[in-house]
Each structure stands twice: as C-alpha cells, then as structure tokens.
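Since the structure comes first, as structure tokens, the remarks are kept for the end.
We call the chains A, B, C and D, going by the order they appear; numbering starts again at 1 in every chain.
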C-alpha cells in the first residue's frame, strides 16, 4: 500500500527535476557508496569474479558515475558461505555506510541477508535468480533487474511447445533450489500447454560424473531441458556427446546451462543448443555493443549471465538516481523510484518492474551458432515484456506454492 | 538388460578413473599414515597444468606425464619441508594438508580463473564406441584400460622392485623397516613423489571427462577417501577393488536410489568403518 | 604464582569482554565479536574431545548444525517459543552426538577422524537434500531473536551479553570437568586406555560420556549460531565448518581453556576483517594453518606462555 | 583339599598368526598362595598375564577366578571381581601427582568416576584413602609430587600402591623388581612380604634370589607351554629347568 501511494505521488507531480529544485541538493562531491556482494574465493568464485568484472566494465564505460555521482564501489567477498555473507553485509551497511547494495551471487546468500537488509531499509539490487525474492517472500527494499529463476523457463517451454512442436521432453537439473525452480517453471508451462515431461533427473550439484545419468535418459524424446549452474551444463553436454547422444535429441538450456562462461569450452558440441535468457552478448543495442567491447578489451571474454547482471543493475540505478538528482539518502524514495521507472536502454533492452520488484523485460530464445571457431548464442526469437508470472494472473500464481522440487507435481513421468 | 550392461560399463570406467585418483592417496596414507587432504588439490593442479601443457600442443600422454612429474616434485617439496616434521602428529598433518589444499585451490583460481578449462582427449579416442547397439564413450574405455595398466605397473613396482619391497616393508611395520636399514626419510620422499605423481597424472587423464574447474579438488577428495576406506589403507588391491566398488555404488546407487544421491557414497563408508574399520584389504592401523 | 597470574589474566579478559560494547565504535564490530564468541563455544566443545579425550573429530559441526536447524525449524515452522525450542535443540544435538558416539568410538586415531568425517558428510548431505525439513540449500531463516526474561536479544548489546554469559558458563563447565573425576578419567583414557581398563574403568563409556558432553556444548553453540545469524543452511554443518573448528582448537592450543577462544577470535578476524583488505585471504588462511601447526605445534596460547616464561628467565 | 582355587586356568590356547603364544596351559593357584612364573624371554609369561587380565581373548580354554568363569569378560569386570595387576613397563600418568594416580585406581573399582562438576581434589575421603595406600608403600611424603619428578624405584612402588589400593583378591605382578637398585629391591621385597595372605599373588620375576624366596610354588613356561610345576625345591632340582634356561 505504502509503495503504491508513494508511486502515486511521484507520478502525479513530484518529478525528478522538481525534487532537485525543492529538496536538499545532493552533494555531488560525495561519492555514491555501493556495497557489492560477490564471491571471489571458493567453488562459486567463477561467477563472482565475472560479476565484479561486469560491474567494473560498466563503470569504466560510464566514467565511474552513476546518476551523475562518482561511485565508490565496495566489493566484499562472501566466500559463498551464507554466514559470511551476512557478516559482510553488516560490514557494508554498518561500517562502510553503503547507500545501497548489489548482489549477492547465490540464492541462499540472498535469503540469508534478506531480513537484515529489510530491517535496515537497505535498498538491494538483487542478482541471484530465486523465485522467493520477488514472489511469496517479496521484500520492500528489493528490486531485481535481471530475472527470477523461472522467468526464462516459462518462455522456453512455450517456445519448445509452439515453435519446436515438442510434446515429450525430459528435464535434468542440479539438485538444488535454483535447478528445481528452473525445471518446475518449465514443467508447468509445458504441461499446461499440453506437452508431457516424461522424465525428471536431478543429479547432485557436485556430481563427479554424468555418465550414469546420461545412460538413464530415454531415447524417444523430443528434447531435454537442462537446468544447470556453474560448469555443470558444460560437463553434461560434453558427456552427452561422448555417449553418442549429441545431435539425436535437442538440448534446451535454462539461464546458465549454456552460459558464455562455458560456451567456448563446449566447442562444436554446443552448436544448435537452444537456451533462454534475459540477455545475450550478441544483442545489437548500442549500450550492449559498448559493454561487450569493454569486456572483451579488459577481460578477453564475452559477458554472460553473471557479468551482465551488474551492468543492467547499474543502468537501472543510473536512471533512478538521475531522476532523483543524485539524492539517495531516502531509501523509500530510492527503491520506489527504481521500481516505478521504466529504463529503455539497459544492455538487456528495456526494463520496468512489477509490483513485487521483479523486472519485466525481454526474454531471448537463443541458439548456439559457430563461426570462425567461436560460438555465439544467437537470438532466434524475442519475447517482449515477459513477467515473472508469464501469462498467469499474479494473484492466482502466488496462491500456489513457490516452484520447488515437488511442485508442480510431474504427472506424466514414465518409468 | 541394456541398463545393467551400460551401468556396469559406467561403473568400471569410473572405477578406473577413481583408481588413478586414489592409488597415490592410499600409498601415502598407508605408508606414512598421512591423510593427505591436499590430494584433491594435487589432482586438480595436475588437471590445470595438463590443460596448459596441452595448450602448448604437447601430445596428451606426454602432457600427462610431465604434469604428473611436476605435481610429484611439488609433493616431494611439501613432504620434505612441511610434513616430515609432523611425523606421528596426525592432527597436525591433517591441518597442514588442509592448509595446502586451500592454498592450491586459491592459487589455481588466481592462475586459471574461475571458468572451467577443458582438456581434449587424444583425437583417436574421442568418438563413441558402438557395442551391441548402444554407444559408449571411447575415451572412458581407454581410461579403464589405462587404469588397469597403471595398476599392473604399480603392482610390478611394489612386488618386483627393491623400492617396492621397501615400501611394502614400511607399510607393514615402519619400525621394522627402519631396523633393517631402510632409509625411511628417502623412502618417504619417494612414496610422496609417487603418490603426488599419480594424483597429477590422474588429473590430466581424468581431465577430458571431468575438466578442470574450481571445486574439482573438493569434489574428488571425498571420493578418494571413500575408496581408501572401503578398500583398505595402503593396499594396492584394496585401492583397485575399492575404486570399482565406489564406481558400482555410485552408478547403480544414484540410478536406483536417486533420493540418496548426496549420501550414496558416505553411507557405505560409515558402514564399512563401523563393521570392518580396516577396509576390505587393509591391515589394522595402529 | 602462575595460578594467580592466570586468574588475573582471566579477570582482565572478562573485564575487557564486558567493556567491548562500550568501546567498539559500532554494532558491526560488536557483531563480529559476537560471531567470534559464538564459534568459540563450538571450539571449546570440540576441545573437550581433543584436549581431554584425545579424539580429533572432523564432524563436530554436525551438532552445531542439528541444533541450529532445530531452533530455526521449531521457531519458524512450528511457532515454538524460544524456551521450548532451545531445550529441544539441545536435546536433539546431544542425541545426534549419542548416535555419532556409538558409531565413531569403535575406532581410534585416524579411523575415528574418518568416521566422524563421513558422518558429518552424511548429515551435510541430508541437510542439503531433505528439502522439506531443512529448506535444502536455501536453508531456514528466522525473523527475529526472542525476548528472554525481558531481555530483547534483537538489541546487539543484549545479545552480545547473553553470548558472553553462555561462553562464561561453557568455560566454567569445562574448567569444572577438567578438574573433576570424569575429567581425570577422560584424560586417563586418552593417555593409557589399557591401563584404565586394568584399573577397572569402563573406557568406552568414559569416552562416550566425554563425546556426548562435547556434543552437548556443540549444540549450545548451535543455538547461539541460529540466533546470531538468524539463518541456518547446510554450510553450518559442512566439512569446512568442522575443519575450521578443529583449526581453532589447534591454533589456540588444545587442552587449554583460553586456546580455543583465542583460536576462534583469530580465525574470525581473518575471515571477516582481514578478508576485507586482502584479496587472497583464502591463501592467507591456508598459510595460517601451516605456520601455526609448524611453528607452534602446541598452539598460540601455550606457545606464547612458554615464550613469555623464556623471556622472563 | 577341595578348596576352590583363587585362579584356575584350564587348557588355554592362543595363537598369533602362525605362532602359538600359549599352548594348552593349565595352572591352579590356591587362595593365599604366592606363585612364581618363570621361563626365558618369549616363553609366553606376559602373554598369559594379558589373557588373564583380558587384554585379548584366548582361542580356547578357560580362566576362572574363585570358581567364577571370566574367560570372555571385559577387563574391567575382572577387576571388579578382584583381579589386580602391575605392569612390567611402567604405564603411569606422568603429569599427575602420585595421589591422583592412586585416586584413579580407587575410582576404577569403586565407581564415582562420573562426577563432572565437583573437583577431584575436593574428594577428601578419596584422597585420604589414596594417601593411606601410598603410606603403605612408604610414599606418603611424596604423595603430592607429579610422577615425572619421582625416581624409578618410587614409581615401582606407586605401581604397587595403585594395585593394592584396589584391594585385589588376586594380584598379578609383572616383574616388580626389574631395573631396581639393590636397596630398592630390598624395600620392594619387604613390601611384597607385608601383603597379607588374603591376597593371592602370581608374579613374573627374573630376580631369582628374591623371587624364589618369596614363592610357594613355581611354574616354568617355555614356548608357551607349561614345562613343569612344583615347589621351589622341586623346580630347582628338576633337570628340565636347567635345560630350559641353558639350552636357550
């Protein structure tokens, strides 16, 4: 309620320029203090390092300014351990006086600090894809310009059913919340449209080898959806080809199964794999071209899922803080401005927010193509203004349990 | 039927890989009573070094041996400078090797970054082999063959050479070995070299299947532990049988009882430790 | 003389701890102090096993984890009040230690280490996988700390004081155990199990009681942990957590009261404070393991004590 | 005499791998008797003690204490039944005081080792009885000293005090005189003599002067077997004794 009325006020008069004129002028000399929670050590470091690279590349491109203010980026390494994430968050908020937070990387980290950031009214721009953050556990001081776990899966399921005419599919995913939510979202839309998920395989996150799982995959399938994180998508795909299944069954990947971080390593095996994401480095908008060039120049890598997030967040922040005339002292105003803004020109394309703080934006269906020894996730279809609730009614959607290992129930499994 | 055949093949291929991983761990554990928690780190380091060597277009098998030798040399240095002083202090050894594994993991991350680094299998072994109507990865069969060859080589080394005789004597009874004039310190260096060499070599050979990535060490170390606990400490046949056993438990276990995938290897380990703490082939630990 | 000196040392330390909330510039530092002292309770509990019983465990975080999960689950999902959740958590943690004890005490030395490690991994796997109960990798969050005896623990200073009080209780209990008949018997089974048997002692039972009491205090640490972070996930009972506790004990000095506390403080400072300034703090942590074990095999506290003695003489 | 033997070992056998450590050993020791076990090194004397004490179980045969079978019992149950033992190699708790060592022995037979709160030092009755036991072996003055600061002879006597404090009915003494000076031997010998006859003693000892004078009957072991058994005079006179010792 509070949010809505605040937004109402903003819309009905108090524009950004009015604020700067009437309010206390922001002291432009003070840097904007951004707490950046990432993982730079331990097994999750790969994504965390890319996250930081993405942020640094964007800042470099934008002369280290967000909303007209100099940025002081305070990077904290959480080691991917929630208890440490919490301590580091406290450090950023209480000791270093962060104006806002970006991150953290993993869903369980984000959940571990959610209550704290809420209690401290700390505007937090989320990156971790977990459905709780913007659905049942939606927080007031939270906005996620990237996507929920299921957002791209919904689209992909529809694409598989409608465009690829798939009817029988299997899902395979890492056995943890992110994997579950991606597959469950896929399963729901695919089966609601009339398709059947006939097999569901959930290898442990730290599976030493996928051979045993690949041997179990049915052969009479139209496609396989992969909900993998980290390097698992790459390892699975390689094993899939080793077992001679490559090219026989269409592979379809969620947000990270064919991430840029592993795309080149997968080599020729990757060609033809379809995936869904809110971003892809081959997008033609000028912001993205500049960003990709910067990433290539500085880190010799295309930005993927982890690197693009901070750049999108930064653009959203830039728009909101510009609108506020650089003033970020009021967390309520900051977060409501962020959420009520429509930002036309992030690297992923236009971004606006729903009532729960989740971005509504384009979801790209991509297909790996190969030219000159380099793999590219090429966009084959764009779904515009995709909500995290897909075409479902948000209120109805939220009456159901959050996507999990056991919900929705897979009714068509064949054994 | 096909399920059983292919899972059996999977089990054997994985067992081969596990043998390369755990033979060195078992040797060091058995002879020196050092639970080398850095073994996973050495395996991972081997994989990364191997990937770099392959990038310099070294032939695969040469890269494997060079990487193994480099990791082996590192092992000798670590043993001589840090671990030897800790003889008999198991807790100290546990912590030092754990510290080493932290450092190896962090420096690998620094040197090779966080993205997975693939290792290409030798070209001829890449395509799948077709057996009675279904495909099986050729390279995995090669790994199985290589592991069996390595087991044979190690067996020859242990049973047919003077070094092997000394190692066996040391595993059986360290005091006895010392009293018959074996220079235990040099023997330990040799064993540590061999153990670390096998870890590094295993890392490269396992590379085309596993690839090198941060966390590979932490994924592999528990497997080595389970193999050695099941097979018995310091026993080569134990490591071989333990490896195949773990391969079988893992492949059939995760297929038949998917809900237990996260604990499928540790439950048998607990059972073995409780029922027969020396493992299948091990002798009593002091 | 030394007794007096050590008592004076303790008194000074306690006063310093009590003053901390007034000295530290912000709740953030008080929070770190709280984290350190919470984990110090875990280290102290492990030291009952190591210092007195001579049994190094690599599964000790399991009791912390089980009890922390129990607090979080009963509070969050069953709506229990703290005075019901806490005894339940302590009982469940202690029960876990009973089961672990029955299985692990069949072996000694490395075998014991391996069984505890395997059991710890099984618990981790269960926490990770048993999503209905534990929330899987997402863990369980709690909204707020309770108000106990009119003491609102959501206030950082209040919570810190409670943690100090629990730590002090733990220290006294361990001191008492150390000087009690059971403590003597426990050390007897550590040094000369065969002799103890020949003197008519039930060595297994003595070890078991020592093991379970270590588990009990580990569960106490778990309750504090749950309220401290208001979050429990699988990492609370992971191998790194167990190994860290072991390191704290060895770093500070096994078998001393001050050692595990000092170890907990040093490790917490490296992980939280030093890691803000040093990118390769993980390497630094590894180096700390190696240097301490090589240079001060008995740990910081005995090491510094003997160094000070040497200087005085 | 139909009296029940204090210790009765019947047809005991134990093999380690291929080596027979105890071969069909049968020994009966009557209450109050002083029995000496002799035999060359490796004859199986300590192995026999270990089986009586329950350190490991025999492959076959039986061991009875006052007619009660204890072949398969835990060591601590045997101790509760009245078995005591001193060790050939000193295995004391070196950092603790003599008093503390004896107190541990008392806790073993009397229970009360489960108290985890009250200080052991504060158990005055226990400490008084420990001091009493130490007084019996002439160590009252050094009762508060750590074992590591006592002489070898004093430690031997402490061993004895710990065993005696438990008021055993059958006491196994494993070379109580080994490594002692002549003076110390005399002291220990006197202590042994003073042990009342309600304690049955089985002793392994190489110091024949003391041991032969002390013993009522002697059992000669070789290669794990009982070669002969008899009174002092019988054993000394028997040619097999010379054979065993000289032939070795």
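The working rule: a residue touches a chain if its C-beta (ideal position, glycine included) is under 8 Å from a C-beta of that chain, and two chains touch if they have at least 3 such contacts.
Model, not experiment: these values are computed from the prediction.
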(request) Moving only from a chain to one it touches, give the least number of moves from subunit A to subunit B. (result) 1
(request) Identify the chain whose mean C-alpha position lies nearest to the mean of all protein C-alpha atoms shown. (result) C
(request) Compute the centre of every chain as the mean of its C-alpha atoms, then state which one is farthest from the centre of subunit C. (result) D
(request) Round to the nearest whole Å and give the separation of the Cα centres of subunit C and subunit D. (result) 43
(message) With centres defined as the mean C-alpha position, give me the subunit A-subunit D separation in Å.
(response) 76
(request) Please compute the C-alpha centroid of subunit B, do the same for subunit D, then give the distance between them in whole Å. (result) 49
(message) I'd like to verify one number: the distance from the centre of subunit A to the centre of subunit C, where each centre is the average of its C-alpha atoms, in whole angstrom.
(response) 37
(message) Among all residues of subunit A, which ones touch two or more of the remaining chains?
(response) 41-42, 175, 204
(request) List, in ascending order, every residue of subunit B touching at least 2 other chains. (result) 105-106, 261-262
(message) Going by the touch rule set out above, what shape does the chain contact graph take here: line, ring, star, complete or other?
(response) other
(message) By the document's touch rule, what are all the touching chain pairs in this structure?
(response) A-B, A-C, B-C, C-D
(request) Spell out the part of subunit A that touches subunit B in their complex, as residue ranges. (result) 41-43, 45-50, 175, 201-204, 206-209, 211-213, 215-216, 230-231, 234-235, 238-239, 242-245, 261-262, 265-267, 301
(request) Spell out the part of subunit A that touches subunit C in their complex, as residue ranges. (result) 40-42, 76-77, 79, 81-84, 86-88, 90-91, 93-95, 107-108, 111-112, 114-116, 130, 132, 175-177, 204-205, 404-406
(request) Flag every residue of subunit B that touches subunit C in the complex, lowest number first. (result) 33, 35, 82, 85-86, 89-92, 94-96, 98-103, 105-107, 110, 222, 225-226, 229, 259, 261-263, 266-267, 269-270, 273-274, 277, 285-286
(request) Going by the contact rule at the top, pick out the subunit C residues touching subunit B in the complex. (result) 50, 56, 58, 103, 106-107, 109-111, 113-115, 117-119, 121-122, 124-126, 128-129, 243, 246-247, 250, 280, 282-283, 285-290, 293-294, 297
(request) Would you pull the subunit C residues touching subunit D in the complex into a rising list? (result) 173, 176-177, 179-185, 187-188, 191-192, 194-203, 206, 209, 213
